[in-house]
Structure formats: structure tokens, C-alpha cells
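In the two complexes below, chain A is the common chain; its partner is chain B in one and chain C in the other.
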Partner chain A sequence: MKEVGLALTFLAPSLIIFSVFFYLPFIRLLDWGRYKSQRGGLSYRYVGLSQYREILTGPEFTDGLRHSVLFVLYTVPAGLVLGVLLAVAAHRPLKGIKIFQAIFSSTLASSVAVSSVLFLFLFNPAVGFFQVGWKEDPDMALFAAALPSIWQNLGLAFVIVLAGLQAVPEEVMEAARLDGYGPFRRLVRITLPLISPVLLFLVVVLVIFGFQAFAQIQIITNGGPAGASETLVFKISRQSQNYGAGAVLSIGLFAVTLVVTFLQFVLLERRVHYGDE
Partner chain B sequence: MATSEAGRGVSRRTVSVAGQYLVLVLLAVVVLAPLLLTVIQAMSPPFLYVEAGKPLHPVHVDWKERTWFTGGLFSVVARTLLALVVFTWINKALVGWDAASARIGLGWRNLLATVGATVVMAVALGPAFGSLHAADGSSEWWILGAMVLVSATLVPAALRPGRSPGAAVVESLAVGSLVTGAAVVFVGGVVWTQAWSSARLGPAMARSMVMTVSITLAQVVTAVLAAYAFAFMRFPFKRVLFALFMATLLLPLEVTLIGNIALIRQLGWINTMPALILPFTASAFGTFLIRQGFRGIPPEINDATRLDGYGHFAFLTRFAVPLTRPVIASFTVISALQAWNQYLWPASVVSDDRYNTLQFQLRSIIGNNVANANVSIAAAMVAAVPVLILLIAFQRQIIRGLTAGAVK
Partner chain C sequence: MAGVTFKGVTKRYGDVTAVESLDLEIVDGEFMVLLGPSGCGKSTALRMIAGLETISDGELLIGDRVVNDVDPAERDISMVFQSYALYPHMTVRRNIESPLVVRSYPVDGPDHPYRKLTKEERAERVTEAARVLDLEPYLDRKPAVLSGGQRQRVALARAFVGRPKAFLMDEPLSNLDAKLRANTRIELVELHERVGTTVVYVTHDQVEAMTMATRVAVMSMGKLQQVGTPREVYDRPVNTFVAQFIGTPPMNCLDGVMGAGGTVDIVGGWLAGPTASPDGPVSMAKLDRGRKVVAGVRPEDLVITTDGTVRGEVRAVEWLGHECLLFVKVGDQQLVIRQPGTTDRSVGDVVTLAADPADVHLFDADTTERIA
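Moving on, here comes the complex of A and B:
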């Protein structure tokens, strides 16, 4: 009996925080979604579930979702390819390889805000090294906001893939070499399948990062031009005065997160090789 | 016949090794390109009226610092010390001098390279900066002299047995001049101090520091306690409670953002520290990770301590935590990194620039004034320095933490 009390004491701090800052806001969002804000959020009118239908099928949600998915498509494959490329290049017994490994993982030291500021001026039409007007181009704005993420994710992708490569037993590669497999075939037929759990993990992490993207968009394009780079999270943050619509968008994001998580594990898990299981 | 075959094998291997290095160097340049280009941008004030339409370029580097101590944490003195620490670390890595091999590898050569070259650089940078202050045109010679001196100190360590003297000299020259040059750029350039003071990075960094330390400490404590309960204690509804913990992973900040902002407004906590800290003082990820660590403790240890009359609290503090220190360390570093890099939440609950955290401060200083572009860029790079130090100091923990979910 004493143990139960002690266990609850140990769990209490986390439980309180989770209730107050995770579950309570979420439950309130479910409720607020049924109220429509009037007069700029000063009062609310009950409209029931119709607001869900209205917003989730409207441009606010679908555009945001489209931009979020595009952002993920810009950043995730690039992160995966760069991570594998750098890790394969740096996973060899050369002298001084540690220095190259340190350089490749160095982008870990930057935050999203830092890398966004760097890229903002790198591509500035007036003072940048690459004087391009991507920020003002509706087709390129989102890509411009994705660039700092691609660069910043590179360090993480490298570190994760390298850890996977280092876990591959040397005997397996040696056997493949003796069987006359060339370097490229070894990579595609042996290494990549063997590290597929690691690649799955990387994809999951990068997709989560992609859907969470906010700072890079606020700093580089601020959603513009004319909303062409407003992702779902960006749109949610813009509704912080309008609890009704904001709540519906948030629930929409929650549903998307659930679906994506589910898809990742059902679709990718099947293709992943987990060794002796 | 046999010898020529062997000779061809060797030369082919040499070519292949050289090719691998070439690829690595190319990749390193690509990875570092944004950084190198922005350093150049930071060092070069834009002359919009003179060179309209041309990118920033390092034509005029303002070297003159007011005094050595202005800029607080980012004064020339602090920066010199930082440069020396980084240099020592690079040296250590180069000569392969770590704690494990200290007994075998610590000859006078390695000692001279690591300690001697650091001291030489510290001494040689003095007159180099002095000449920059004096602006009498002798700076290049002082800087070149410093480079040669530092390189010369590195030669004995690079001259390992079975190594051609030429290669050793080239390696020492490359490392010595690169590091000394970097030290001059990062310590001598006035733009770093400018960025530090005009962007008010000091107070913002202090707030970020308080926020990060509080969040990290709280997360580690709450996660260790909860993980212990889940790993070693029996209580009703354990599975339900664990599921309740893990389900919070499906409620990222982005989903509950509106609800949390409303809550903070109702509490009247806008622009306060509690608003920045409290929502993040528990972590389901940390609970999970540390619980996995606790489960790796052999049950015999638990049984033995029970027989010895240890209670839960004594077992937790004397056995469970010390035995899982690597896992807890990894989680601590990851948690600190996340807290430090937060952006969306500070941007949502801070409405007054005076209460900005560092990351969000970066955004408010960009403005539209391209004439200050170099200061903004410098500010962004200065903002990355604490993480860089963390990364260098806790490389192993960070990498273990980042890959915790990836490699079993």
C-alpha cells in the first residue's frame, strides 16, 4: 500500500503537467471548435459541428495542408539522400576521418532560427551571394523556406545514418566483397536493406520536423507572398485570437498527425528489414 | 613480375585513397558553404551606395575594437579564451590524445602540440591584435608570424614514426594557419561585438539560459521519477497510466498551441518566465527512454538491495540513477538542445521584445535594413556558439541521444 502511494507521488509531477498543458488544452479545443467567433473574437456563438465541415473543407485548411505536405516533400527526401551520401562517404577507415565526421555533423549546432537568418541573407536580392527573388515568387517561396531546413537537417541525418552504418557487422560486408559485389551493389543490396530501420526512424523524425516547421517560414517568407507559403502550423499560429477557427485547424492538424504516424508504421514497417526477428 | 604487380597495387591504392579524400573535401566544402559564405557576409559591411547590386564582399574589415573588455560575455578576452579552447580540442583530436590512450600516447610531442601550441597561439595573438589596433600596416606580418609560430609548434607531434617529414610540415602548416586565421577573424572582427550589443544578445541569451536550465532540470527529475515508478513499482492502472503518458507524444505543441496560448492568457502569464518553462517540465520521451535504461539493470541487483534493506528511494538514488547515467546524460543533453532551440512557443507567449528568448530575438533584429545585414548575420552566428560548445563538449552523449531510437 505504501508502494502505491510512493508510485503516485513519483508520477504526480508529470501527470499534473500533462493534464494541465496537454490534455486540458486539447479537450478545450474539441469544445471550442463548435463555437464561431463574433466581432473579432469578443464573443462566440454556438454553431455545432458545421464549423468543422466549413473549415476543414475550405481553403484555409486545404491550402495549409498542401503547403505542409509540399514542405515535407522538399525536406525529407533531400535529408535522406544527403544523410546516406555523407554517411557512406565518411564511413571508412581513413586517417583524419573524425574531422570530416565533425564537419558533416556540424550543422547540428545551428537552430532553425539561426540557419533561417543565415539563408535569408544568403539569398537576399540586395546583399546576398545568390541574388534571387525566391521570397517574392509564389512558386518558389516555400522552397526558399525549406532550404535552411534541408541544410540544418543534414547534420542530424548524417549522424543517424552513420550510427546505423557503424552497427552493420564488418563480416557481412566482407562476405559480400568476397562474393564479388561491387561498392554500388553492396550499398544498394546489402547496406541499405540492413540499415532500413534507421532510415525509417530518420524519415519519421524528418516528417515530424517538416510538419512542425514554423520558424523558417516566419523568418524567411512570413507566409507570403499572399499566403503562398503558409503551412498548417503557420495558419494555426495566425489564429491565436480566433479560438473557434484555430481550434478546428488544430484538430485538423491532430488528425493529419495521426494518419501520417499510422501510415508510416503500416506502410514502411512492412518493407523494413529488422535482422533476426 | 611480382614486384611490379605489388607496385601497381600500391599506386592504385594511393589513387583510391586520394580520390576518397577528394570526395570528402568536396562534400565538406558543400556542407560548410552556407556557413563560409555567411562569415564573409558578416565580415563585410554592405556599401549599398558605392556598390549597388553587388553582393556583400570582404573589402573592408573594420578591426578596431574599442577596448578588450566591451561586449560582456563576448568581449575580445572571452573570445580569445574560446578560440584557445577550441584549438586545444582540435589538437587533442589530431594527435589522438584522449583519456583512454593518455597513458600510452602522451609523449612529449603530443604534450608540446596540445599545450605548447595553445600557449604559443595565446601569446602570438596578442601582438597580432595589438597591430590591428595600431593600424600601422604591420598586421599581415604579425598574423603571418603567428601562423608560422603555431605551425612550428605542431610539427613535432605531426612527425610520427614512419611519416615523411614533408607530410608532417604540410599538415602542421595547414592546421596552424587555418586555426590562427580563424582565431584572428573571429576574435579580431568588430562585427561580433557590434552584433552582441546592438542586437542585445546578452539579456536574450541569459533568458534562454534560465529557460533551458530550468526546463532541462525539471524534465530530467520528473522523467526519472516517473520512469522509476513504471520500471520498478507495482500499482493499479499501471498500463493505463503508461498509455496516458505515451499518448502525449501524439499531442505536440503545434496541436495544443491555441489551447495553451489561451491558458497562458487566462493565467496572465504573457511575457513571464513560468509561461516559457512550465508547459515543458514533463517529458514522455524522457520517461520512456529512462524506463528502458532502468529495465536494463539486472534484477539480481534489485533483489540484493532489497534484501539489504534498501527502500525505493535509496535504490533510486544509489543504484538506479548511477547505473543508467549514460542514458540520463543523453536525455539531458537532448532536452537542453530542444529547450534552447525552441521558437514557436516563445514567439506565441512573448509579445514584448524585452522578454524575447535568444532564438526569437534573432527574428526581431532582422528588420528591413539591409545595411545592417552583416550585423544580423553575425548575431545569428553568435547565437549558435553556446550550442557549438555543448556539441563539442558532449559529442558522444548528443549522438547517443539522437540515435537512441534508431539503433538498438
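Moving on, here comes the complex of A and C:
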């Protein structure tokens, strides 16, 4: 019993913080989903679980989810692959390599707003570098909004993969050279398996970032044209009149993220090698 | 199988010369140990054979073939690393099989083109290597669950399975505990005798060098100091570095000057030099009176006797069980004497010492090279 008390004492700070800022609001959110509110929450009425059914099967949720999933598919693989390739390229003892390492990781250090505005300028129809009209094309708008994320994911992936590569023992790579593994085989058969925990972490985190992305979409397309780039988060932000609907969409997003993350662990973790097992 | 030859091989990193003009012929089938302290260039020399370091100058041959610009995988050598460098994500079986999967081998004899092994041939070789190294029960495990000694044997099996022309080993025993190290030394020698392949073995541990080597190459500061059988480097070190690097405790080296009749005068007495002994023919011209020399005597070659010629005071006594070391102050220099079993000497005793002239090594005080 004494140990349980001690454990709770040590856990208390995080339990309190999580309760106040996460668990309690989450429970409150579940409750809100049963009310329809109007005029920005000034009046509301109880509608029960019917609102969950109505919204989660409605176009707001399904369209938003489709766009969110697309956004994730645009941003995660591209950012990850580019980051890994750059990290592998920059992981060598060359003079001045630190400069490249700093440049490649710089995208991580710039804020979402800054990188989005940067791309907004690049897309500017008058002075931009990419005068392709993607922002105005319903099929390309979401991709245009995804570009800053790809750019930033690349930096994050670069930094984390580079750290992972530096932890790979030099002698193992030399053994692989002597065993006859060429550069490509070394990458695929030795390096990537050895940094697989890092890759799993990146996939999970980048997918969550993708589902949560907001600022880049608002800055580049503002959801347009005609809602073609409205992701789930964007839809939630639009529910300023009916908080209840916003609550249901949020819980939907939470559930999707939870399931996707869980699936990633189940499907990918078997292929991940941790050093000490 | 093949020998390895260094012809004036130099390795420079910027302004630092790691290996300087190394000439060394490693004979086919011998167990050559490269021995020296940290930073002496022995590992660099080994890594040049492997192809993991480029060669700044000179020629390196494996067999008759100059391999300066040959890719590591094409050199037909294999290497055991200090950390074993196993692939942690692969089973023991896949680790051992690994070189066979990607490399081609002269399977059908030297006159046929190299080819990759078939699946059956690979399995056969892995089984054989696992049997020789007692790894059969562990083939389907991952390296992380194995003990240090087992991992080391996996690394050996991986080196062994491709039947290379030469094995390179970079301090492979240094991560094992003392008992396992002693056993593995014996196993390595047996393995070498069985396969007969050239071994180039790097260590800073003179015990490993003395116990396993056919020949030892002693290196210091990037330069080869002496090559010879363990016995030769122990009995006739070419300079004071080799004299003091090999042997525990190291050889006593006393500053002195040549006296009359081939004796060496040191502060606190004199020693009969090797010239005074019947089988030590040394040109007297070399040993002019007054020439500054260093007299070397191994701790076991000094005896305490009443008619000794060197007089000193016991500073410390170390009892090690099977033997005992006496530290004796002679003038301003200190000597170590090895005494079997126990001793009745104690700190403060004044003793007189003598050595058989044949056991006294003379080195030039300036060049540190052996005179006699």
C-alpha cells in the first residue's frame, strides 16, 4: 500500500495536468456532442446521440476525413523519403558537411506560418515562382496546401534520421562493406532496419501532424476552392455556430487518429528492430 | 590462401602520419600479430589490408595482386571486429550466411569464374561453420540474446564461412572477460591450425601476441620496430622500446657508460656486459670506454647474491602468490626483480644484485638501438 501511495505521489503532477487539460475537457466534449447549440453557444438544446449519428455519417465528416487522409498521404511519405535520402547523403565525414546539415534541418526551425507564407508567395499568380494555378484548382488545392508540410516534414525527418544514423555502429557498416553489400543494399538491408525504431516514430508523429494540420491550409487555400481543401480540422474550426457539431467532429478525428496510430503500431512494430531484444 | 605484403606503405591523415613506410611480408598461412600501444598504427595497417582505409603511398599485395585500389569486397579477405559488428536485426544463421548471399566465390576451382553460391551450398557452409564453432543451437536466435563469447564465435563463423585468403582480426578478444579470453586464445590457435589460413591479428596485449603468434610485428609511432617469432622479440629486442613493451614487468633499462673490459658502469655499481661472456662476440670498437649506453636486464634475470655488483635498497615488495616482485632503488634509478614464491626481504633491506652477462642487453643511449 505504501508503494501505491508513493507511486501516486510521483504520478500526481502529470495526472493533474493531464486531467485538467486533457481528460476532463475530453469528457466534457463527449457530453457536448449531445447538444445542439446556436448563436455561438448562447442557447443550446439536448438532442442526444442522434447528433453523433447524423454528423459522423454526414458529408461534413466524410469529406473532411477524405481530405485529411489525402493530406496525410501527400505529406508523410514524401517528407519521410526526402528526409531519409538527405540524411543518408549528409551522413558522411566531409569537409563543411555541417553546413549542409544545418541547411537541411532549417525547415524544422521555421514556423508553419512562415513556411506557408513562403509557399503562398511562390504560388503568387503575379510574381510567384510556381504560376500554376494550383490554389484555384479543386484537384490541386489540397496538394498546394500540403507543400509547406512536405517541406517541413523533410527537415524533421532529416534531423531525426541523421541522429539515428549516427547511432548506427561504424563497424557494422564496415562489416557490411567487407561482406560485399553495395551502397544501395547497405541502405536497404542494414541501415534502414537498424534505424527502424526511428522510422516508426517518424511515421506515427508525421501522420498525427498531418491529421492536425491547420495553419498551412488556412494560409494557402483557406479551405478553398469551394471547400476542396477543407480537412477535418478545418471543418471543426468552421463550427463556430454549433459547438455540439464541432465536438462530434473532434471526437471523430480523435477516434480516427487513435485507430490509425494503433494500426501503425500493430502492423509496423513487428518489422521494427529495437537494439536490445 | 595467400600472404600479405606491405611495400613501403604509408598512411597519412592530413599532417599526421599514422603508418610510415611499412615494409612487412606476412607469409601465407602464418599467424601474424601486429602488436603495439594505442595509436601505433597497427589498426590502420590492418584496415588498409581490409580496404577500409586508402593507402597514401606504397604498395599492398594480397598474394601476388596489388590491391591498393581494389574494393574491400573484392579482396577475398574477412575481418573480425572488436565489437564483433554483427547485424543485430538478423538471426545468427543470417549473420553467418551474409557474405555468401551477396559475394561471388571461386567455388569451382581457381580456373573457373567466380559465381554466387546456391541456396544448398550456402546452407551447407553455414552448417559447417556453426558446427566448427559450436553455434548449432543458436542459429535461429538474434545476437542480442547471446553471450559475449557466443557473439564472438558468430563473428568468427561469419569470417570463416567464405573461406577467405586471409582473416583480419582487430582486437577480437578485448571485450571478453579474462577467463573466456584465455580459452578463446587456445580456440583461435586451434582454428588457425585447422584451416591454415593466413591470420593478421591486431592487439595491444602482449600476452595474446606471445601465445598465439607465429611471428610478431611490434609497432610504435607508426613505424615497424621489429618482426620475429615471440621468442626472438623477447630474447633479442632490437631497441629499448621493444625491450620494455614486451614482458611484464618490463625489462629494466639502466643508464650507464661503458667501463673497462666490456662492463657497464652505472650509479650504484656495475654490470658485466655481454661482451664479457664467452658467447657474446661484439666488436670492441663499438664499445669504447665512456660510451653512453642503456643496460637492459629482465626482472627474472637479476639475482640477489652476496657477491653482486650492483647495490641497492628495497623500496617495495609486491607478493603475487606464485611470485614476488622486489622494487630496488639503485642510485637514482629503480629496478624490478622477480623472485619465485615468497621472499624474506623487506622494505629498507640493502641487497646486492648480479646478472649473467649473457642476459644483459646493451642499447645505444642516443639511438636506443641494440648494440649487443
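The rule we apply is simple: the second predicted complex is superposed on the first by the 249 of 277 C-alpha atoms of A that agree within 3 Å, B and C clash if a C-alpha of one lies under 4 Å from a C-alpha of the other, contacts with A are read in each partner's own complex, and residues count from 1 in each chain.
Methods note: contacts are C-beta pairs under 8 Å (C-beta built on N, C-alpha and C of every residue); 3 or more make two chains touch, one makes a residue touch a chain.
What you see is a predicted model, and the numbers here were worked out from it, not measured in a lab.
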Problem set entry | First, second, both or neither for A:246, with chain B first and chain C second | first
For this session: Considering only the touch criterion stated at the top, classify A:17 as touching first (chain B), second (chain C), both, or neither.
Result: first
Exercise. Between chain B (first) and chain C (second), which does A:56 come into contact with in this model arrangement: first, second, both, or neither?
Worked result: neither
For this session: Using the touch definition from the top, say if A:119 reaches chain B (first), chain C (second), both or neither.
Result: first
For this session: Please indicate which partner A:169 is in contact with in the superposed arrangement: first for chain B, second for chain C, both, or neither.
Result: second
Exercise. Which partner does A:106 contact after superposing on A: first (chain B), second (chain C), both, neither?
Worked result: first
For this session: Considering only the touch criterion stated at the top, classify A:211 as touching first (chain B), second (chain C), both, or neither.
Result: first
For this session: Figure out whether A:180 sits in contact with chain B (first) or chain C (second), or with both, or with neither.
Result: second
Exercise. Chain A residues in contact: does chain B have more, or chain C?
Worked result: B
Exercise. Which parts of chain A are in contact with chain B and also with chain C?
Worked result: none
Exercise. Which bits of chain C are touching chain A when the two form their complex?
Worked result: 50-52, 72-73, 77-79, 81-83, 85-89, 98-99, 102-103, 142, 144, 158
Seminar exercise, completed: Contacts from chain B onto chain A in the complex sit at residues 17, 20-21, 23-24, 27-28, 31-32, 34-35, 37-38, 40-41, 46, 48, 53, 55-56, 93-94, 221-223, 225-226, 228-229, 233-236, 241, 244-245, 248, 250-252, 254-263, 278-279, 281-284, 287, 312, 340-341, 343-344, 347-348, 359-360, 362-363, 366, 370, 373, 376-377, 379-381, 383-384, 387-388, 391, 395, 398-399, 402-403, 405-408
Seminar exercise, completed: Listed in rising order, chain A residues that touch chain B in their complex are 3-4, 6-8, 10-11, 13-15, 17-18, 20-26, 28-29, 32, 85-86, 89-90, 92, 94, 96-100, 102-115, 117-122, 124, 126-129, 131, 151, 154, 156, 159-160, 163-164, 167, 197-198, 201-202, 205, 208, 211-212, 214-215, 218-219, 233, 236-237, 239-240, 243, 246-247, 249-250, 253-254, 257-258, 261
Seminar exercise, completed: Contacts from chain A onto chain C in the complex sit at residues 169, 171-172, 174-182, 185, 190, 193-194, 196, 273, 275-277
